[in-house]
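Shared chain: chain A. Partners: chain B in the first complex, chain C in the second.
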Partner chain A sequence: MVAAFSICILFFYNISLAQEAHSSHPAEQQPNTKQDKEDELDVAGTILEHIRDDHSWHLWGHTSIPLPVILKTDKGLEVFSSARLSDEHHNPVVYNGNYPYQQIEGRIKVVNEDGSINAEASKKLYDFSITKNVLSMLISVALLIIVFLGVARAYKKTGVSSAPKGFQSFIEPVIIFIRDEVARPCLGHQTDRFMPFILNIFFFIWINNLLGIVPFFPGGANLSGNIAFTFTLALFTFVITNVNGKGDYWKHIFWMPGLPVPLKIFLMPIELLGVFIKAISLTIRLFANITAGHILVLSLVSLIFIFKAISASVVVVPFTVFIGLIELLVGFIQAFIFAMLSALYIGMAIEENHEQDLVL
Partner chain B sequence: MLLEVNPLVLPDLGLVVWSTLAFLILMWVLGKFGWKPIMKAISEREQGISDSLATAEKVRAEMAQLKSDNEILLVQAREERAQILKEAKEIKDKMINEAKDQAKDAAAKIMQDTQQAIENQKMAAIIDLKNQIGHMVVEVSEKILRRELADKAEQEHYIKQLTDEIKMN
Partner chain C sequence: MVVGSVAAIGAGLAAIGAGIGIGQIGKGAVEGIARQPEAANEIRTNMIIAAALVESVSLFAVVVALLGNG
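Take a look at the complex of A and B:
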């Protein structure tokens, strides 16, 4: 439902963007001062700006944390602060490194003297910057390591004879839930082997979903709603699934048993496609759900500015809180679904002697 | 191109690389120092809980067994007590009866002896009486015979006197 809604919004935004591109310059290239915002509000642009990755971490007003930019071009590696890419009003400016760089729609491009994009040089530009999302991810990794090493230490210290205490008692039921409801039904006796991966997936997604809901530093980065992130996690599931795939798994893909030969040939490309579609569906499901939530919240808040009336907040704020609570739920559910589908795909691949074929 | 590809659905290479790195770090660190001890501890705890439950069940069964044993003992003790009481009562009754019999026997014997003694005394008294009467008769006869018929009246009077004397005795 939410996903469908968000995709609608994305497409509508595409159309509006396309039309805008014909009529005028994109919003970022205009002087983006306060007066301008008051005169004409680009809601879609603002929302998109909030949910996409950024080279600096905006805190409040004109204060933001500059983050290191790491660029790899054919002239070598280059590291500089993202503060050099914008002026005091947060408008993009040209920084002359090995090439003249400028941020265009949040991405760093090589520009020509006249300000147009140098497409040929930009293609050879690889951006490994510590962006807002990367920093948020590193924070979440640090949080996870601190929390779980702490919990592990608590187990070592108090042993298993005493009841779990503090954070341990919050984590333990979740881990047991993941093991008993997610991993064990799919993986059977191989549960222990894949549990670390499933738990990693689950908690990594969950903590980033939660951090994404927090609207201020150190939250607010839309990491789990970024397709690169979800794609990477899906890639891990894809690799682990196919590396551990048993003979039966491959046989069901390339030569489905129990069917006439023409059908086997017909099914082969479909099944092969299915291998990739599983990973793609994982990617898009998480990305779309989390992005949808962010877009919803931002759209609701934008209503105040669209109506240009502070009284609109009477309706908008409760709605935003409501959606925020749903997001809290969705954050858990999406992490759970990602973990469960990962477990399911791995379970299907490692299963010996398929009796019936599962089509999902 | 009417619909440009939205920049949102284009994965950034940088973020992919960093995510991979972060996830690998997480897998390594948590896999080694986090999940392994936690999972081990949790399964140990579960094992411990199920063991404790089994032990508790066993102890409960033992307690029930002990309780039923106790009850059996109690019933046995009660039966024994009743038995002992019954026996004691029997012994008591027996002793009383014996005592009664003995007393009866003794009383009878005493009575018999007494009667015997009475009889003996009576016989002795009768013999004694007989002897005295004989003696008196002899004495009276002697005196009568000595006076020899002096006077009829006198005789009569004398006889009367003698008889009176007897009476006096």
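Take a look at the complex of A and C:
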């Protein structure tokens, strides 16, 4: 399954790159008459635009799907299509709703008559739009529901005694792997209690990482490279860890046993900080890994445009495919690490009366 | 003339640090597996965790470099 998927990815990467390389060709043939400056591609800007959240989903060329914009201001809720925020040349225009809105650097702001940002009204503006990332998340949730309900139904029908069939045979080893390699060593006899959370977090991150690698419509959103997304997941781990923390866990934070009193007082703030740093490091790790992967792929593709030579693609395309394959691996490893560290933190919190301290 | 930002140097330094760190982890893991092949699975899991911890530190540096660049 994974092999088939990676071959698909490889194939599509080639196609999309070939197309991009192709489209750069006629631009090169033109004598540099008027747009000497426009030929200079703003690489950093383009890359950042691609990894950023957006109010419309770019498909190809000048085609993109407008997504609903949901705004809440002090004048109430309003919903409109993001197509009204740009004209046919994709330049941002002012839309007059309850306030005049304009998209500035990807964010919707209230503007004045002269086009400047109305900072005071913009502060009261809450943006609940279905953006590219939100839609991508809904798609991944739908995919997960379809896959797992199907697998669950198969188990209900045939029971666990017979051999797994179809998609079951892909999902079952992964679940067993997570239970035996990730959850059980950390959580011990409480494994079953936390398995739903660990599995949820693992599959959710994994499918979003994989969708992020797919370069066309249902994928391509940089969802797991969005810090709000990773922060929310880390927040779940943080809350579950601390709500389930036993007396021993708190004792080791506030009054480390077996140490002289001055050292206990010295360690207290450090340990307390450690509680938060665990969640923060979970957030940053996933965010930075996935974002770095996206930036890497995009930078490699941009090399063709930087060198302005189609021959560069001979080197760039295989290398991008290689990085794409590494990203497949990273997508799995990061989901695994997130689940693993969540299990580890929860396991450390629920552990009871251990004599020797954990080294970590 | 070479134009760039100091952030790029910072990112490079972070890459050096992470490279050394992950190299040491890989070396330790391979040696461990060579000495005790039956513990390979356990060693591999621990290796990945340690590598992820080292890598995350370097990625912190990359994030800081990006922010400094922007």
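Remarks
Note that in this section the second predicted complex is superposed on the first by the 316 of 360 C-alpha atoms of A that agree within 3 Å, B and C clash if a C-alpha of one lies under 4 Å from a C-alpha of the other, contacts with A are read in each partner's own complex, and residues count from 1 in each chain.
In this text, a contact is a pair of C-beta atoms (placed from the backbone, for glycine too) under 8 Å apart; a residue touches a chain by one contact, two chains touch by 3 or more.
If you're wondering where the values come from, they're calculated on a predicted model, not measured in any experiment.
When the shared chain is aligned, no partner comes close enough to touch A:Ile104: not chain B, not chain C.
In the superposed model, A:Val275 lies in contact with neither chain B nor chain C. In the superposition on chain A, no contact is made by A:Val174 with either chain B or chain C.
Of the two partner chains placed by superposition, only chain B is touched by A:Asp127; chain C is not. Once the two structures are overlaid, the count of chain A residues touched is higher for B than for its counterpart among chain B and chain C.
By the document's definition of touching, of the two partners only chain C reaches A:Arg285; chain B does not.
On chain A, the surface patch touched by chain B in one complex and by chain C in the other comprises residues 287. Interface of chain A with chain C (complex): residues 181, 281, 284-285, 287-289, 292, 333-334, 336-337, 340-341, 344. Residue ranges on chain B touching chain A, taken from their complex, read 2-4, 6-20, 22-23, 25-27, 29-31, 33-39, 41-42, 44-45, 48. In the complex of the two chains, the chain A residues touching chain B come out as 10-11, 13-15, 17-18, 21, 48, 51-53, 70, 105-107, 126-131, 133-134, 137-138, 141, 144-145, 148-149, 151-152, 155-156, 159-161, 171-172, 175-176, 179, 192, 195-197, 199-200, 204, 226-229, 231-233, 235-236, 287, 291. Of all the residues in chain C, the ones that touch chain A in their complex are 41, 45, 48-49, 52, 55-56, 59-60, 62-63.
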